[in-house]
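A, B, C, D and E label the chains in the order they appear, each numbered from 1.
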Amino acid sequence: MSDWTNILETRGLTMQFGGVTAVDAVDFTLRDGELRCLLGPNGAGKSTFFKCLTGQLIPTRGSVTFKGEDMTGWNTHDIVNLGIGIKTQMPNVFDGVSVYENVRLSSRRKHMAPQAKELAEKTLERCGITHLAKREVGTLSHGQRQLVELAMVLAAEPALILLDEPAAGMTGEERDRLARLVLESARSAAVIVVEHDMVFIRQIAKFVTVFNRGAIFREAMIDEIMADREVQEIYLGKQANVASA
Amino acid sequence: MSHLLEVSGLSAAYGLVPALHRVDFHADRGEVVGILGHNGMGKTTLMRAIMGYVKVTGGEIRFEGNSVLGQPVNARARAGIGLVPQGRQIFPNLSVEENLQVGIPGKAAVVAQTVEEMLELFPRLKRLLDRRGGALSGGEQQLLALARCLCRRPKLMLLDEPTEGIQPSIIDEISETLAALTQKVDITIVLVEQNLEFIAGLSKRVYAISNGVLEKEIPRAELTDSRSVSAFMGFTA
Amino acid sequence: MEKSVLRDPGFYVMVAIGLAAMLILPVVLDMFTIMQITQYVVLAVFALSLGYIWGFGGILSFGQAAFFGLGAYTFAVAAINIGETTIPLILAFLIPCLFGAALGYFIFYGRLSDVYLGVVTMVVTLLFWKLANHTAGPEYAIGAARLGGFNGIPSIPVMNIPGEPEAMLDPVQMFQVFMGFLIVVYIVLRVLIASDFGRVSIGIRENETRASLLGYDVRRHKLVVFAIGSGIAGLAGAMWATYQAFIDPNAFSMEMSAKALVWVMAGGVGTLVGPIIGVILLQWLTLKLGTMELLNSLAVLGAIMMVLVLALPKGIVPTLRKLIVDGWTLARQKKTGGKADE
Amino acid sequence: MDYTLVVALEMIRAIAWLVLLASGLAIIFGMMRIINFAHGEFLMLGGYTVVISTNAGVNEWVSILILAPVVVGVFGIIVERLVIQRLYGRILDSLLATWGLSMLMMGGVTMIFGNTVQGVSTPFGGMKIGAYQVPIYNFVLIGFAVLVLVAIWCVLKFTKAGLIARATMQNADMAEALGIRTRWVYMTTFGIGSAITGLAGGLLAPVTGVVPTMGMNLVGQSFITVITGGASVIAGTLSSATLLGTISQGVTFLTGPVYGDAALLVSALVLLRLLPQGITGRIFKRSL
Amino acid sequence: GTDTIKVGGLHDLSGALDSTGVPMNQVFQLAIKEINDAGGLLGKQVEAVIYDPQSNMSLYSQYATQLALKDKVDVVMGGITSASRETIRPIFHRYNTFYFYNTQYEGGVCDRNEITLGTTPAQTVKRVIPYAMNLYGKKVYTVAADYNYGHITAAWVKRYVEENGGEVIATEFFPLDVAQFGSTISKIQGAKPDFVLSAMVGTSHLGFYRQWAAAGMKSQIPIVSTVYGAGGTEQVILTHEESDGIIASFGYFEAIDNPTNKAFLEKVAQEYPDKKWVMSEISEVTYEGMKIWADAVKEAGSTKRDALLEVLTSGKTYDMPAGKVKIDPKTQHAVRDVYIATCKDGAFAINETFPDSQPEDTQMVCDLIKDPKSNTQYEISL
């Protein structure tokens, strides 16, 4: 495998659905170990962008390079096995089985059974859902499911973590814990976070990319972004001041 | 005169697992009642119980003075209760337009006209009209869910985390829209939210729910600061 | 379902019951009854094949009979030509297994799912059925074996002890051997399900997207499950052929497929004991009904099936399980004064 | 020349035949995701209604066009209330329950009317096409196939019924919350589907003999037509019926009925492989 | 049990062939009733053990085994389609349970354990073919059921047509579930035969006659059949205008004019007043089977198979509704009177009678006196 500095690179990445261009010629670069926040209006193309990175969608045009490997058009599972983990916007979990089993299925991917068990338990702990371990995921509340899915992503120990609105439906405290969790994970992996919750963003964000109409609109440090007139225009609204307070 | 919605001693359970205990609260016309609570505390369950999805094991739910307990969901809906469920529940294979039309009672003309009004309230949906509901982005779906609910012109709206996944600027717009609605057509709202600011901006009274028990009312003064709120909500499970 | 087989007492109980039946029944029952039970055993293996792919792979096949029949015909043709039954038996597993793999490739790599998958399997079965029915003419023969069309293939060799074609099994021995097969299949499946492979299958059943997002190759995985199921169905077909000493295109009939569905359904999807119980119950009924000339047997059987579905939607075994579990929770709540277990 | 004409006519007849067989099912399955395994017996019931009433002196057309749909429609509603109602969203249970139903109906009809009833002969007799004779009744079949499709189209086009049914099927809970009486929707949809099936059965009665078991040979074809058709009731049924009908008849003429049927099955397989969601899953998506 | 003599009956009482099975079973029971009213056999009552194989071959083998091993009956009457016969015959042979097959069939069965009373092609087809060729001409179009009965019968048809200097211009086989004959009917019209020979079996195939009539072909090309009316329900299901004119040949028709038959039909009428079916060869022969077996038991004073075969093959003639019946010792098939009849107003009117016709087809290949071990069905090869 060729040597690389940018863990992720997309070139001219484009996704079209019939008439709709959801992602439009995106050149995106992420350094190894970087924590990036991805903001943007509803329908800007953030989730679609993620789907293109994970092969859930085959991009119409352009390329995706991960760890120097061009994996455009690969099958999802092959891509994922290179070390990408994603928490989707609408939780994707194994409803019929226990929380523990959900996480173990993830940790087992890389480790032999005993280590997998350990790792699973540790991850449940980190996400603060150990008390739910035996519960059937289908019977959990929305927020609880979000956490379960997060645990599954972390348990796979990916090199690149994609989080699509992880804080959605989380209360103040869970949100703070989540923020800590994200920062902590960012030490061992590159992370891209999509979120609309500015309070949360303020807690984790350094460098930020803003999407609009499927294209990259701004890339700058968080404070710059918050201060940016146009970004406030298309996205933040009054939140700008609140959040920067 | 009686309250529009009056919930008294309401208990509910999933099979044998209890989820609500003797919940009492009420909402008057044009009023917004907020409900806060940690994950898994019973907010959604409460909403679903009022709407009629969850089997109620005790207590009473009165709408406009008369009990709705016996009634099926659709009857409650027709009586004027509307729900914006957590997770949107968009009809994936209907177009956005169809999603809106389904719930609107009456003639084709009326339907078309109502849809128009909704597009006024939620301009974002205009260019999405003939897109598959399932194809929408999270936020777009959330907007659609709100619009779909309003299409029926409900007297009482149950909103389960309506701002989830919606971009900040639009949250503000929605906040204004809803406030306006409560003024103009004195629509009543029971609002479950995590976004303190949003809930503070709208609701007259705010309650905290913990392990299925509705705790004491939270003074609006406290709402601005999440720390003190969680104090009210009791400690995280 | 998720906990390791080796730590599950139920597993040992089942195996014990099986072995007991295998050894004791022949002593206490007359030959005819044994032959009856042998039939249940054969069909139980068939039911297990569907119970596995459906309950633990989320693959709903309306055409399991295709593999059953394929196994049966393979066995018949091979046995008649070879004049010995060990190799035919192996072929009867392999050929359907391979065919299952091929069809699986066609289905899963073609991204066919739910109903469409069901219908494709159904169509394939119908196809087999049509063609098999059309082989009445003398020109349709494989080696010494006339396929015989609608009439099927009569006088198929009885199973013999490996290596010695003359040593044919008598009905009792056949019962014991088949019982052995059933137990082995049961054990293999239980272990398979409890293995990581099995758990992944369950995950795939629950949510394919997530499974692939964890890096599991859903299509290949399903294909393997499907092929295994097909092989087992084929084995059952072979047992059926040698048990009846005859086979006809009805082995490919939609009825055969549907029956399998009913057995699994009635017994309980997501269990292995269920299908077995389903077979015993419903086959016993069908037979009894034919032997008493009260009302039209079809009608009665039909009515019973409807009642079953309505009364026990989850199937017998899971329903019993739930009763037990609920009882337990109730008891526990009495103690903890019943609060949401947070 | 006249031979080609006869062949063409046979093909169209075959298409009409499939359309008639499938329409009712397309509504019940396409809109409600209920696998009515007793579909064949619903047809059979329609057939029996015609035969019995005609033998009882009722005018043949009255029994075909009125009695058959009404009887089967009502029967369908009863079945829905007693059984199907409890099985929505559970495709399989519905399959099994209705499979039981189909046996019950076969047995029941046999018990009540016995397995042999005097059939009704085909009206109108034959007509000349060049050197060939063809039953005039074929044109009747074709006519009604068209009629049925047009009728369904109008309902879906000019009322919200279709929309409501689809919504209900996609997410009944949510539909309820929008004030839709889902139980009622289900009941009527099933009733209408059954009625159409009844009509079809009635129309088929004079062509084939009616016997309690006649359904078994029809249910397969019906399903394949519906499924390969895909989501949309009319475009789906029509397109798949046309494709399958033409192919199977073509082959039947060239070889014989066996390979005709086989061809039908194979082309269904190929279709599903190419269009995993059925024809209208890909092509003419937005059509009714 | 030792207190009664047990007789097994295997006729499809439900499923695809019930329309044939029900009449057979009723007549079967009638015969037993008569025997018992006359004081039973060997001082014991005769008890019928009746199972319903539901037109399903697996159930046939099920119940056959059950009759042989569990109920240990002394004889079994039954099996309708040749498919079902070939399913149960080996079983009865293995367990030495005496078996009577009473259905007209394609011939060739050679099994010491079976008595076969129905007619075979050499008795019926051989006679009806020349008869029809004289009437209509030499070009024949054969349509037949796609299984051994149809195939073998079609082969015989070809043989006899050619023997009589005619030609079979085409032969088509139809699976039992085919109900649509539009294309075939057009093809036949294209081929312009002098008559159509039908060996179509079962209810779906009745669609052929109906659609034939619907196309207005009755006035154009006549139909001759080897099994039409065998079930005794074809004429009932089809309307008169559809069935009239069809020519068939069997060992029995209701119209047979002899006192035994009159009495027989009366008995049936009062036993089953509201029966819809017409008495046909299959049913009448089932009655014969029971009576002949009983007679043999009386004479042999035992129910042992070999003792009975002794008596049965002794060349004794039985006076039956169908006329004189004798059992040919070589093949254990019936030597009987055969009739050719035409359907008029839904009933067959006899045109010709051929006294004691031999089952020559089977005689050519089978000799149970030389080879009592034999246990197969021979097929003619052309």
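As a working rule, a residue touches a chain if its C-beta (ideal position, glycine included) is under 8 Å from a C-beta of that chain, and two chains touch if they have at least 3 such contacts.
Listed by chain with UniProt protein names: A = ATP-binding cassette domain-containing protein; B = ABC transporter ATP-binding protein; C = Urea ABC transporter; D = Branched-chain amino acid ABC transporter permease.
No experiment lies behind these values; they were computed from the predicted model shown.
Contact with both chain A and chain C (Urea ABC transporter) is made by B. Centroid distances from chain A, each centroid being the mean of CA atoms, peak for E. Here C-D and C-E were compared by C-beta pairs in contact; the pair with more is C-D.
Compared with chain B, the chain whose C-alpha mean position is the greatest distance off is E. Note on chain placement: the centre of chain C (Urea ABC transporter) and the centre of chain E lie 38 Å apart, centres being C-alpha means. Centroids built from CA atoms put chain E at 77 Å from chain A. Averaged C-alpha coordinates put the centre of chain B at 43 Å from the centre of chain D. One inter-chain figure worth recording: chain B and chain C (Urea ABC transporter) are separated by 49 Å, centre to centre, where each centre is the mean of the chain's CA atoms.
Residue numbers of chain C (Urea ABC transporter) whose C-beta contacts span two or more other chains: 130, 133-134, 296-298, 342.
Each of the following residues of chain B touches two or more other chains: 17, 40, 237. Shared interface positions of chain D, defined as residues touching 2 or more other chains, are 106-107, 110, 258, 261.
Chain pairs that touch one another, listed by label: A-B, A-C, B-C, B-D, C-D, C-E, D-E. Residues 54, 56, 75-77, 80-81, 85-86, 88, 92-98, 101, 104-106, 108-109, 113, 131, 152, 156 of chain A are the ones that touch chain C (Urea ABC transporter) when the two sit in their complex.
Across the complex, chain C (Urea ABC transporter) meets chain B through its residues 326, 329-330, 333, 338-342. Residues of chain A touching chain B in their complex: 17, 20, 40-44, 46-48, 89-90, 128, 131, 139-144, 146-147, 165, 168-175, 196-198, 232, 234-239, 242-243.
On the chain D side of its complex with chain B, the touching residues are 160, 163-164, 166-167, 170-171, 173-182, 231. If you check the complex, the residues on chain C (Urea ABC transporter) that touch chain E are 30-32, 35, 39, 130, 133-134, 136-138, 148-152, 154-155, 244-246, 248, 250, 286-287, 290-291, 293, 296-298.
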